[in-house]
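Shared chain: subunit A. Partners: subunit B in the first complex, subunit C in the second.
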Partner chain A sequence: MEESTLMDRARENWIGYLFILPTFLMFTLLFYFPIVRGVYMTFTNARLGGAGTFVGLDNYMWLLTNDLFHFAFGWTLAFVFGTTFLQLFIGLFAALLLSELKSGWREWASAIVMSPYFSAPLAGGVIWLWFLNSDFGMLPRLITDIFGVSTPAFLAEDLWPYVSLIVAQSWHDYGYAGIIYAAAIVGIPREQYEAAALAGAGRLRRFRDVTLPHLVTPTIVILALRTAWNVAEFAQPFELTGGGPGTRTMLMSILTYETAYVNLQFARAYTLGMAMIVISMTAAIFYVTVIQDEEEMYV
Partner chain B sequence: MSQSSTGDGESTEPTEAPTSDKPSRRQFVQATAATATVGALGALAGCSGEQGDGTPEPKGDGGGTGSGGDTDSDSGGSESVTIDYLSAQAVENAGMKSHFQDSMKVFEEKNGNVSVSLQTASYGDIRSKLSSTVSSGNPPTFAEAGGGGLQFYLNDKVPDHKPFIESTDFLPNDFTAANKESAQYRGEYWSGGGMRHTNSNLGIRPKSFSEAGVSNPKKELSTWSGFLDAVRRIDKNQDIIAYEETGVPGDLESYWGYARTAYTEGTDPWMRGEGDDKTVVVANENHEDRGKTDGMIKTCVKMANEFSSEEAAQRGDEDIPSLMLTGRVASFNYAVPTASRWTSVKEDVKFGWQGGDGDFMLLPHPKVDSEFGNNFGISDLEGVEGEHGGHMWALEQQQCIFEASDAKQNAAWDLNMFLLSDNEFVLPAWGEYYEALPGLAPKLQEVLDEYDLAQSTEQAYKNADEYGVQYSTTGAAWDVPDVDPIRWTDINETISQAIAGQHSVEETPGLVRERILKRLGQ
Partner chain C sequence: MINETRRSRLVLYAALGAFALFALAPYYWVIRTSFLTNFAAIDPATNYLPALESLTMAAYEQIWERYNFITFFKNSILVSVTATVISLFFSIPGAYAFARLDFPGRKVLFYTAVFTIMFPWIVITIPVYEVFYLLNLINTLVGVMIALSIFVLPQTIWLLQGFFRQGIPENIEEAALIDGHSELGAFLRIVLPLSAPAVGAAALFAFLTAWNNFLWVFVLTSDEEVRTATVALHYILGSDVLRQWNILMAAVVLLVAPPVVFYGLSQRYVGEGLGGM
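After this line comes the complex of A and B, so read on.
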């Protein structure tokens, strides 16, 4: 049988190609081209306003020998996984609570629960800044008034800045996990719960044996997407600590910003961005591997 | 940054997944993983500065017909032009915003064939906005480019400004010393100057200092030893932060200011030498001035450690007015002429000493006296004496003309002259809406004559005038391409790390030196 060539397929589906052409061109112009150009830039010494010259792997050597990068890499991992898993659990909890509400109430409660997710990250940063501020913040004032003890500086002292950043980011984005989990829970056939109840399964058992299996796929979706986005999270942490005190909470996203816009070294900033991609890709591959293992287990 | 609309759109698909068949799940999850990766790439796509293949005109071409400050001039003949002007100063506060908008109309009336499209960005965002527009090949005609303008000049995105400056009768002579220093790079003009400056000074809460026994602050707080004594008394006896260092890296200009007080006659504390032949003074065992520079770095860290709050390494100057006016902070070293920063917190601020009952008073940074090193336990400063002085902000406000047609460049230069020299703009801007020092030296007296200024503004003016070059712009005289990274990162971030306890006081100057040398490629 004669094999259809690329041209044959193009002739056959030319209308389809025509329809996707504008989108493809725009994606190429605004997305793929900057990415390819950016990757090339990591092999140059490009700075603000200049194309730079080819420097081979110098930027990658700089990255690997830079103490602040080492720290930022480790802290970014802790921030991303701390935030992602906290968002996952809070989102699941919120979705379960919402599923217990009657229709009508549920929609209003959903809107309230999800509202942080729809607020601008910078606004979220300002809210938390004023909430945690040692001098005028509500939380230190409440603790001092109620318990009569002074509070640590939540954004500056000991381990508190790390905790504060993770909690604040989890607050902002748990709604994303909540939305997906809520949709998944609504989609679970009621008959399965009824059958489990008739078989004598208690509330916890029904959750484990009926609800949880239906949540595996949404969980992977949430983990993969939130990991990628949390790696690139910038506005709220920047507003809250700006990587400080000193550089004690320097995330890779903030370091990338500083490298580009304070030190004006765009090529190095993009090289940092490549490291962020590595984290996202590694996490995505890990999650896919986990779901494959899980599927094989069920099969 | 990460919550893109794309992400939201993608979220609708996964919600349907649980009801679908199992065999499709793997494909779906794999697609999700790919999407996640692409999402991260997308976040970076925005960071990719397209570095332009523009073919700039030869430097100096088109600049020679500048109007020389005559804002009634005809820009580029009868051709009507619209110029884009990007400014951060235009949105510093509500008063400045409306003054700028009104002033652009005034400028257009005086230059009938020129229209100005005023674009704004905060000082935090202007560099990224400028970078994006230049990278996309669509730079503004005129912009408050700050230190980034030097990079654009070195990369041929900004023309030589010398022809423009030479076309006037009064430049560069009328530039303030800070502007002369900042607008030049190794003898070449990369900018048309900055329209205003502020300077760093000591700020105190008179109520706290009078309670500590100070009766004549100008005299008693004129030296570091006198200031230290008073701060120690406040720290011991009052429930207040006796001295707050504005120690976030972006606001350690406080240190830039008082680093000069160990020196005399405007000597640069950090770097000396011409061209690429630089001698770094910091932690330089072979340099006679090492002790002065290292000593002031240690003073900064020790003052923060002993008297400041736990949040000093994150403290920004904008926090201080509310803290001082509510009795939480007694002193700091980042006081600027801008009284509106204080009146925006409390309308009836009592400026000045006011018999020891004032809310806020501005003084020169204390000068290093021969006893200070011994008094504060910093051996490097033993026997050292310096002068009053401080940091003058000038690099940040430098305004550049970008590559454009001759007519547009000339119109942009006219706008620059208007902003520098037209009293209709200059006097209200720096005397009323955002109290600051004008970019042209003769205008300083005119503002003083026109307005009844708050004590803090008037004293800041006097300090800049009385102590002359001792109030200088940090880094402008270095003439190195990496002036901003050295100032903000190598010096400030390293000191901020020390305040945050990431390394010791003693090792801080050595680390600063190491980072500067690495930056300079030495």
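After this line comes the complex of A and C, so read on.
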């Protein structure tokens, strides 16, 4: 194939610019401009309704010396690490089980198994609040009835709020990993399994040699996207513990919310947000690297 | 699949059963509560599976009287439909250009769009709030609609560009051009009709995402008249001193059922597109 010049490509596909223009304008107005504006804001003391004056690195100094930020940053990392890997493994397990079912049954079973992902995250918070409720919830009651022991307050005592938040978030979002894995597994040619079976490979061997290599790209995609989205997760943890009791389960997203909309400290809130952006964008770079390799196969 | 035995089938069904239990147990407790009286719901004497005669629709009847849920659900539907339509209007041509047209600058634009999908939303609400505040869009349905349209746009582009890239035969536009269609005509007459299922799936997902969204509506509104059902749930949970758990759970059921059922009915159209691949 002969190389086409830049001008040729532009001339041939000029309509691409026309097609992309509306989206680009939308993105500029509500993504690119606000993001840049926000970054500028971190060097001012802006509050709601006032542009503020330039204060240099004051907000960043405040951030670095703020104990609650240190705590929230560490707990957010733990939360993201825990939820992302749990979501990945539960999702993979679900997809592997579902792939064994016959088509027809599989659709119904996966509609049930994946259903938590489609509930509103806020409702997920309410659902788990009720499920774990010390007085009337199902889980404490079950544990008491079966083992005859009283349960700790899952949303308040010791390390339990942390466990509850991670488990509840994994419950809500493993379906995302599950759906992507399921699509990848369905796409694996059947002949590869048959050939492996003929060669005497058992179930585990077939999984390792045939299934696993097809799951590398989906795994990185899931890890990257879920990392970014778990960092950003707000509604469910906000409803479940709201960062409490006190500030003991304060996540970065909730802290950013409170700084911005309860204390109305917009500039400081965005400065907090910069820490979240750093984590998300690190994940984004991994993601782009992977889909870039993938894309080369189509282009 | 291959050389399966009855025992391995049993293990499979048992594992799937355990999975369904994990997925559904929290739902079950909500549904159970919503069909009981408030007293029965918090009474430890009520069984896990309540007796048939103790079930009642009372919570589903009272919910409309006790709270303004007619307005909340109307707002939910209104903003979700608008966000779906607007985001499709922008994303169909956008996704098509990303997937099928090789213009200079495409990759740069594409990858900046990738970053938007992973950006932490709570952070971006802050400068957007400022802009909306200056434009008097706070506490209005229009403001919510604009915010939600933008919010669902990256995801809609994602689903669609994956489909345009893989679901449509290569060189089909060239064939159309040879047949005498213009570029725009080839897109409208050939590509778009072929994409109907994908557009349907993207529309569904846009609707669900907008319907489920809490953050934007919560941040941008404070009045009851412009509240959506998701946000209303939060306020009811926070405000009741004597909680009517059965009514609250009925609200959860009404909020969660549509997305879950819609997904169940349409999921074969979704799948891989979710990963943007």
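Some notes on this structure:
The working rule: the second predicted complex is superposed on the first by the 268 of 299 C-alpha atoms of A that agree within 3 Å, B and C clash if a C-alpha of one lies under 4 Å from a C-alpha of the other, contacts with A are read in each partner's own complex, and residues count from 1 in each chain.
In this text, a contact is a pair of C-beta atoms (placed from the backbone, for glycine too) under 8 Å apart; a residue touches a chain by one contact, two chains touch by 3 or more.
Predicted model only: the values in this text are computed from it and were never measured.
Clashing of subunit B with subunit C is the outcome of superposition onto subunit A. For subunit A, the partner with contacts to more residues, out of subunit B and subunit C, is C.
Contacts of A:Ser150 after superposition on the shared chain: neither subunit B nor subunit C is touched. In the overlay built on the shared chain, the residue A:Ile188 is in contact with subunit B alone; subunit C does not reach it. When the shared chain is aligned, no partner comes close enough to touch A:Thr53: not subunit B, not subunit C. In the superposed model, A:Thr65 lies in contact with neither subunit B nor subunit C. Contacts of A:Ile220 after superposition: subunit B is touched, whereas subunit C is not reached. Contacts of A:Trp171 after superposition: subunit C is touched, whereas subunit B is not reached.
Look at A:Met276: by the touch rule set out above, it reaches both subunit B and subunit C.
With both structures placed on the common chain, the touch criterion links A:Gly246 to subunit B but leaves subunit C unconnected.
Under the contact criterion defined above, the residues of subunit A that touch both subunit B in one complex and subunit C in the other are 30-31, 34-35, 37-38, 41, 46, 48-49, 121, 135-136, 176, 179-180, 183-184, 187, 217-218, 221-222, 224-225, 228-229, 231-232, 234-235, 253, 256, 260-261, 266, 269-270, 273-274, 276-277, 280-281, 283-284, 287-288, 291-292, 298. Only residues 6, 9-10, 12-20, 22-24, 26-27, 30-35, 37-38, 41, 46, 48-49, 93-94, 97-98, 100-101, 107-116, 118-123, 126-131, 135-138, 141, 171, 176, 179-180, 182-184, 186-187, 193-194, 197, 203, 206, 217-218, 221-222, 224-225, 228-229, 231-232, 234-235, 239, 253, 256-257, 260-261, 266, 269-270, 273-274, 276-277, 280-281, 283-284, 287-288, 291-292, 294, 298-299 of subunit A touch subunit C when the two sit together in their complex. Note for the complex: subunit B touches subunit A at residues 1-3, 7, 10-11, 14-19, 22, 25-26, 28-30, 32-37, 39-53, 127-128, 131, 134-135, 148, 151-152, 154-155, 157, 247-250, 309-314, 319, 322-323, 326, 328, 482, 484-485, 488-489, 493, 496-502. Within the complex, the subunit A residues that touch subunit B are 30-31, 34-35, 37-38, 41, 46-52, 117, 121, 134-136, 152-153, 155-157, 173, 176, 179-180, 183-184, 187-188, 214-215, 217-218, 220-222, 224-225, 227-235, 241-242, 244-248, 253, 256, 258, 260-266, 269-270, 273-274, 276-277, 280-281, 283-285, 287-288, 291-292, 295, 298. Looking at the complex, you find that subunit C touches subunit A at residues 1-3, 8, 12, 15-16, 19-20, 22-30, 33, 41-42, 44, 48, 89-91, 93-94, 96-98, 101-104, 106, 109, 111-131, 133, 146-147, 149-150, 153, 157, 165-166, 183-184, 208, 211-215, 219, 230-231, 233-234, 237, 245, 248-249, 252, 255-256, 259-260, 262-264, 267-268, 270-272, 274-277.
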